[in-house]
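Going by the order they are written in, the chains are A, B, C, D and E; count residues from 1 in each one.
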Amino acid sequence: MFNILFLFVIIPVLTLGALFLTRNVKQVRAVAATGASLLLIAALYLCHEYLGARAVAPEGTLMLLTDSYMWYEPLNIHLAVGVDGISVLMILLSAIIVFTGTFASWKMEPLTKEYFLWFTLLSIGVFGFFISIDLFTMFMFYEVALIPMYLLIGVWGSGNKNYSAMKLTLMLMGGSAFLLISILGIYYHSGETMNLIEIARNGVALEWQNALFVCAFVGFGVLGAMFPFHTWSPDGHASAPTAVSMLHAGVLMKLGGYGCFRIAIFLMPHAAHQLGWIFMILTGISVVYGAFAACVKTDLKYINAYSSVSHCGLVLFAILMMNQTAMSGAVMQMLSHGLMTALFFALIGMIYGRTHTRDVREMGGLMQIMPFLSVGYIIAGLASLGLPGLSGFVAEMTIFLGSFENTTVYNAVLGDGNLFRHAFAIVTTTSIVITAVYILRVVGKLLFGPVQNEHHRQLDDAHWYERFSTVSLMLAIAVLGCFPDLANLVLRDSFGPIVEHIMTFAQ
Amino acid sequence: MNVVGNSIVYCVIALAIIVFSVLSVTSGKILRAATYLLFTLFSTAALYFHLGYEFLGAVQIAVYAGGILVLFVFSILLTSKPGNNAERLTSKRKTLGLIAAVAGAAVCTYALFSYFSSEVVTLFSTANTVTVEKIGEALLGTEKFQYLLPFEAISVLLLACIIGGVTIARKR
Amino acid sequence: MDLTLLYYLVPSIIMFACGVYGFITRKNLIAILISLELMLNSIDINFVVFNRFLFPGQMEGMFFALFAIAIAAAETALAIAIVINIFRVAKSVDVQNLTKMKF
Amino acid sequence: MDLSLSIITIFLPLLTFFVLGLLGMKMPKKTAGLIGTASMLVTTIVAYGVALNYFFNPDFMVGGVREAQLVFNETWLTMGENLKVSMGILVDPISAMMLIVISTISLMVHLYSLGYMHGEKGFQRYYAFLSLFTFSMLGLVVATNIFQMFIFFEMVGVSSYLLIGFYYQKHSAIAASKKAFIVTRFADLGFLIGIMLLAYYCDTFDFQTLMSNPGAIVGSSAGVTFLGCSAASWAMALIFIGGAGKSAMFPLHIWLPDAMEGPTPVSALIHAATMVVAGVFLVARMFPVYLATPEVLELITATGAVTALYAAIVACVQTDIKRVLAFSTISQIAFMFTALGVARPELHEGVGYMASMFHLFTHAMFKGLLFLCAGAIIHMVHSNEMDQMGNLRKYMPITHITFLIACLAIAGIPPFAGFFSKDEILVAAYENSTLWGVWMSVVAGLTAFYMFRLYYRIFWWSKPDYSHHTPHDCEWVMTLPLILLAVVSCLAGFIPFGHFVTWNGENYDIHLNWTVAGTSIAIALVGILVATVLYRKENSVPDRMADSVKGLYKAAYRRFYMDELYQFVTHKIIFGIICKSIAWFDHVIVDGTMNMLAHMTNNASYAIRKLQSGSIQFYVWVYFIGALLLGVVTFMLLI
Amino acid sequence: MDYSQFLFMHHEIGVLIVFLLVFLFDTFLPARYQSKLAVTSCVLFGIYTVLSFFTPLDNAEAFSGMFVTSPIVASIKNILNVGMFIVLLQSIQWNNSDHEVIRRGEFIELMLVTLFGMYLMVSARHFLLFVIGLETASLPLAALVAFEKKQYESHEAAVKYLFTAVFSSAIYMLGLSFVYGFAGSLYFNDIAVACGLAEGSMLLYVALAFVVAGIGFKISLVPFHLWTADVYQGAPTSVTSYLSVVSKGAAAFAAFIVLTQAFGTVYSAVWEWMLYALIILTITIGNLFAIRQTNMKRFLAFSSISQAGYIMLGVIAFNATGIAALSYYVLIYVVSNLTAFGVIQAIENATDKVDMTDYNGLYKTNPKLAFAMMLAMFSLGGIPPFAGFFSKFFIFSSALAEGSVAMYVLVLIALINTIVSLYYYLLVVKAMFINPNDNPIPTFRSHWTERAGLVICVAGVLLIGLVSCIYTFLNQAASVSQLF
């Protein structure tokens, strides 16, 4: 039977092919929009399929809808796919962002066709990463997703784009260097297999776990913008074109969190217990540090980039807690941050497209000029600072409560580690206040107050495609915020076996 | 075999090799260097004879002294300009050269001497019977220690070098 | 005087060192070529000496020397062709002029 | 009316919010206002129905105790194995009482705003936000668990933010809304950490579970101490901080005076009657648990007492009438906190709890009334400053009468509502300790003084120049709420509150303790007398008095420099030092390291370029030495 | 005396037949057919390449172990054939240009002879044969480097190449003489046995260092690489591409054969650490130099130096996976690098421009060339889904198979260097796609042969990685070959 998961690679590949054949901008847009819509439909259908499969699967099954084809026999590499609740949600998130991103870049010029080509390649990488359960293919798709960024930023970006694009690419590649080492190490020390499930079953040799864990966590941590490896993110986001910022902050940074979880912690629980505290410190710093740094920035994109550092730090922080609550909080935070940052960047891009500046000091009173965009911005801001009813709140609260939950950590240094984790949980919670500070500061300066620049009065409000794109995101944010147990419905049975595995293999 | 005689012969040959080698790389005039090279090659041939490899010695003289040296002389004549063509060496370059040469010699000497210091075999304790007949058989045989394949292969090399040389040297 | 192996290796090593020295110091391309010949020649001596003293049962070393002479000849021929060529183009055989491409 | 109908009271405002928020701009202003008011009317009727049903249906009395009723409780978010966040409706005495308070005031404000906000830009938005606020506030009071409460705590915070910043083109309004949000957010941080601690030790959020065994939290966290207090105490203290922030307790009160930048009806609704008492409500809700941690109750008492005095003193010297009312609000809420703090079951059957709730109820009415009156005045005078007013009793008789009633009520003059509730508070305070009793009595006297100062300055004093625009009473939509609330303020004191709301649900009969009551009436009368002497007619005595204690006056006028202190901490320390230095660190160290790596690579590339010198001889030299080194070094390293 | 042993040498005989046919065509056919010479020989070689895929793959030994063929050896020869074919295809246009037409025949003949030499290198199991192969592979190349008669650089490059090559072979043969000194034989098997006995003596180290240096010269390992950049820059582009892919690939493979077959017994004692140091140096210094280059050919020279370092990871792996990964790497390196050189050559033939700044804005005028170049750069940089990623992954995995910490460190260093390498590859991409240019290379249509070559290469870059059977086949071939 045909596995639905392959659709997520096949559809973008076909889109890529179709884009090659297009002759004019109209066709390009039509093809891109069709592809993105198909992906979204497929993602929604996948949720349904997944729930159906989960209902009949025996309890404790790690992955569903699995399928495996031998690819590279000598290294035991398979084209293995499979999903659990986490990846289903990530796929859904990616589909939404790709969909909205396509509309957000509707008027992208010049070289529209090339733009969408790279954009689609990026989405291949993202989807491929989330459906894979084979380390090699995961890594491959991960890198596929990285490199189009260079051109997307370099060609279509703005500002100091060459520097940013290069910095971003090189730093992420640096991360993936560590990752590759770790993947190969895991391969050789877990019975020469690349399959996640088999590795989990075999376990990674204990004496190697610590080193490999650090490599894997740092590798994905770079993408997850973990302090002190986050510095690519502000510059990169600031220079990237709208949809790329959306996709990058919305989805690519999630690859980091997902990877940390799926590879570093899940496969090497022993090391995660032993060394988790180091990264807890780093991610804890990220959370607060990013928020503080965002307070003094004046470029809208920089503010959001630092805010992303803070929020993504929270994701990494949560998965280090190694209990079900915090981890599902992490997944929700990924979803929430993905949607909300995408919305932010979409709106910033639209505002920038009109005012040609991103400096908050040069703008003001936009509420009177472009009410739609402004309201959107406020909603994104409120989601970011954790207004209940929007996605951010649910995610952050789950994380905070999860990090307070009683979890046994096997660690020689810290004992059961609860006090340590609680202390850091409290530190990270302060971010909700700092977030409020910088969000309200921007909202106040940018949207409220008198109109700063009289030339801005002639600007128009959002066009239909912009409205479409932002409204979709807002809806998604609100749905997740109001009905968080929908996400839990998908996640529910996935964490059980994972946490159990982490705890069993911890000693 | 006369041990003393052989020793004397050895000494003469060794001295000649050393002296002419040094001279050929130090003499300022290029033509003289070539000449010293000729003497070195002759000394080498003499060494081969001394060791009992008459065929090799003959080839050495025929190919090197007869062929290559002539080429050298021709090319020197072709390329040298009239007037003072003695070259002067800068001291920096000399230092570099000396460092390399001395270091190389030291390393090789140490390596060889440390490895072969216990070797007591002398020229006289071993017999050497290299006949042209055996050489011919080895050159066209396919057994172990026979060299048909290299012999064929080097013919291709020589052909290639001829083609290459001709093409390069051609005026156009 | 026991003429052991090492006695015969000494001149060869010196010859090689001379070759290296000459290669590095000489300016004239042909002089460099001469140095190269010295080096190749010393290797031949090595082979022959080893063969004669240590492994007289076969003729491996001698044959290597034999083929090496042929190779050296081919090399020299080609090298001289190229030297003449460069002389035509650059009107000089000074190696110090051959540094147009660097860094 | 069936209790399950209470869901209408929650969701009708939400629906209204969506309708007005999404479609408001498409409809005429009048329609939007009417939709909002009508929906609020329905909400109010249902809320009354539910509350009255709850209070008067004997089914809910089991063994003399009025039992809390869990109307809905649906899982909203699963946190852990046992930890679930539910959304539901819990009807118990205080929430039923709050339903009445909120819906009443909200309806009045809705009605009032039809007139007050007439012609404002963003009228529809205003009503949408009002509905949102009402929804959040109602959701807060009916919360079944502490997390739901937290959620709605945040929601009311945001609605308040949006409403304070309603005039978004005014810088002061933006700043005030921002300040309000951030300060309360900061307090909520405490609340959140408290919740986390609580959840950690009790593994539940549910009020009923917590309440049924309040000792559990103390027991489970026994032995875990931090700075000398048990984890349970810390949790409860942190939760109190959340409430204190929302209720503007010292030192987190600074946002409330600024919040007066919002439209006055909003101040009446949010910053006088409902949202600011959320903190009191929170403590009352958790009261049985607080009883298990008496040291936190001490903290609450102290905070309340200090705040009450502080706010009263400051209120005496403010000139902006809304500011006076704001500080008065702070002071009155502090009364409520004090009452809660001094309440003990063994002391007079826990009268403090009942008194606090009673005062909450009456205060909502008369303070709402005061603000609405102030709104009417400002509407006419177009200024908040006392100096622009005076002698208004001639022009605005209805406003005058209602304002006077409210003043009498707040001053604690029988038979107005405030007297009864305040008296109970004083009784509770004296029961606990004489110190608090005397303290609170003094504050009560100050209250009477500053309220009447306000009253006289507005309605008597001098007669400024009204030539260009003669003030008059407002249209009926604005005066009707005034009258209604005035009536309530007159009569509410006679409600047998103890029959409805007590800390344990048992009936309690209010007996006036005439010793305390007499004293408090006397003190109030003294305060009123002083105010009458000083402010009835324009004179220079107040100024001279102010001059005689210039330093104190200035300090009180500047609110004892609390704002400046906050300004210093936030701008100079947090922004100026922490944020700037982090930004510097990020730019110079983190970024710099990466750039330096790149530069080092580049420099290295430049530095070694001589290796490729172009000279054959150098090449072979390197080659030869390299080969030798390769051999020698490996030999040395490996042998 | 069994002369039928020559029949084991399928590839050698095949290439010599092609050589002879070309030689005969060049020498004896009348002038009017001569314009078809380049195409004809390319077709001939193509036929031979295809046919050679069908030669039986088995382990065979000829001349008493002097010559060995095995599945993996045959495979690497096939890979070299593919590279050679593409080079020939790409060189047709240049070859037919006015000033080169006179040396057209010689060009092809010399190329074929060097290929023959490389075959000998990979098949030889006797150092005499190996040396002859080495010289056959390098001496005619010196002549080829000097083929661009009009340009001074070409001659300078030839001098540099020849002189350093001869010096290197002198060092190499000195090393061999030492080896002979302690082993008494030049057969790899005998040496392998004798090495064990000589372990611990300095002679062994020095000899091996010299041998490694000699082969390292061909692969251009640092510090034996200094000729590379100058020669690549000066040589005709066809020759440069040939040097950079086919010659280097063959040498790398030969290095593996020599080091494992002859010196395998002293792997961990001696040459593992030599290579360890050399690989780090090679990758790092190659990268550092490449950063600053502006001449495309010179740039690719340094890039190829660092690539050589990666290739050597397959050697240091010292197992059957290593050789498979190495051959696979070479194959992918061939197509990737030849894509790059194909573009350079097309542009050079059309406009005479080889500077990176000339490439600014190339995408605007020649999108297809720019696209091909970009693919090549990504593939060289190891970006999936292009082939280079797979080869890098496999070579790293083969290096780590042994599992020592030192290897992990080595691979990590190599990986960190990929970041630097990605930087300069991206510089090219940046030049073509991002940098503005007022005076870009005008739009032109390249010759069909160049296009055909590019199509083959681009197809290779896109497909070789994704089609797993190639690597699987190589791995299979390596495991059934009698290497260890």
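Everything below uses one rule, namely that contacts are C-beta pairs under 8 Å (C-beta built on N, C-alpha and C of every residue); 3 or more make two chains touch, one makes a residue touch a chain.
If you're wondering where the values come from, they're calculated on a predicted model, not measured in any experiment.
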Fewest hops from chain B to chain E - one hop per pair of touching chains: 1
Pair of chains joined by more contacts [C-beta pairs], C-D or A-D: A-D
Centroid comparison with chain B (C-alpha atoms), farthest chain: D
Reference chain E; chain at largest CA-centroid distance: D
Centre-most chain [mean C-alpha coordinates]: A
Averaged-CA centre spacing for the pair chain C and chain A, given as whole angstrom: 64
Inter-chain centre distance, chain C versus chain E - centres from mean C-alpha coordinates, in Å: 27
Euclidean distance of C-alpha centroids - chain B vs chain D, Å: 102
Rounded Å distance, chain A centre to chain E centre (Cα mean): 42
Multi-partner residues of chain B (each touching 2 or more other chains): 93, 96-97, 100, 104, 107-108, 111-112, 116, 145, 147, 150, 154, 157, 161, 164-166, 168
Contacts with 2+ other chains: residues of chain E: 128, 132, 135, 139, 142-143, 146, 158-160, 163, 167, 174, 178, 181, 185, 202, 205-207, 229-230, 292
Residues of chain D touching at least two other chains: 609, 612, 614, 616-618, 620-621, 624-625, 628, 631-632
Pairwise chain contacts, counting only pairs that touch as defined: A-D, A-E, B-C, B-D, B-E, C-D, C-E, D-E
Residue numbers on chain D that touch chain E, as the complex places them: 601-602, 604-606, 608-609, 611-612, 614, 616, 618-620, 622-628, 630-635, 637-639
Chain C-facing residues of chain D, complex: 609-610, 612-617, 620-621, 624
In the complex with chain D, residue positions of chain A that touch it: 167, 170-171, 227-228, 230-232, 289, 292-293, 295-297, 323-325, 365, 367-368, 382, 385-389, 393-394, 397-398, 400-402, 404-406, 422, 425-426, 429-430, 432-433, 436-437, 440-441, 444, 447-450, 484-485, 488, 492
Touch list for chain B against partner chain E, complex: 107-108, 110-112, 114-116, 140-150, 153-154, 156-157, 159-161, 163-168, 170, 172
Chain E - residues contacting chain A, complex: 321, 324, 378, 383-385, 389, 393-394, 396-397, 400-401, 403, 408, 411-412, 415-416, 418-419, 422-423, 426, 429-430, 433-434, 468, 471-472, 475-476
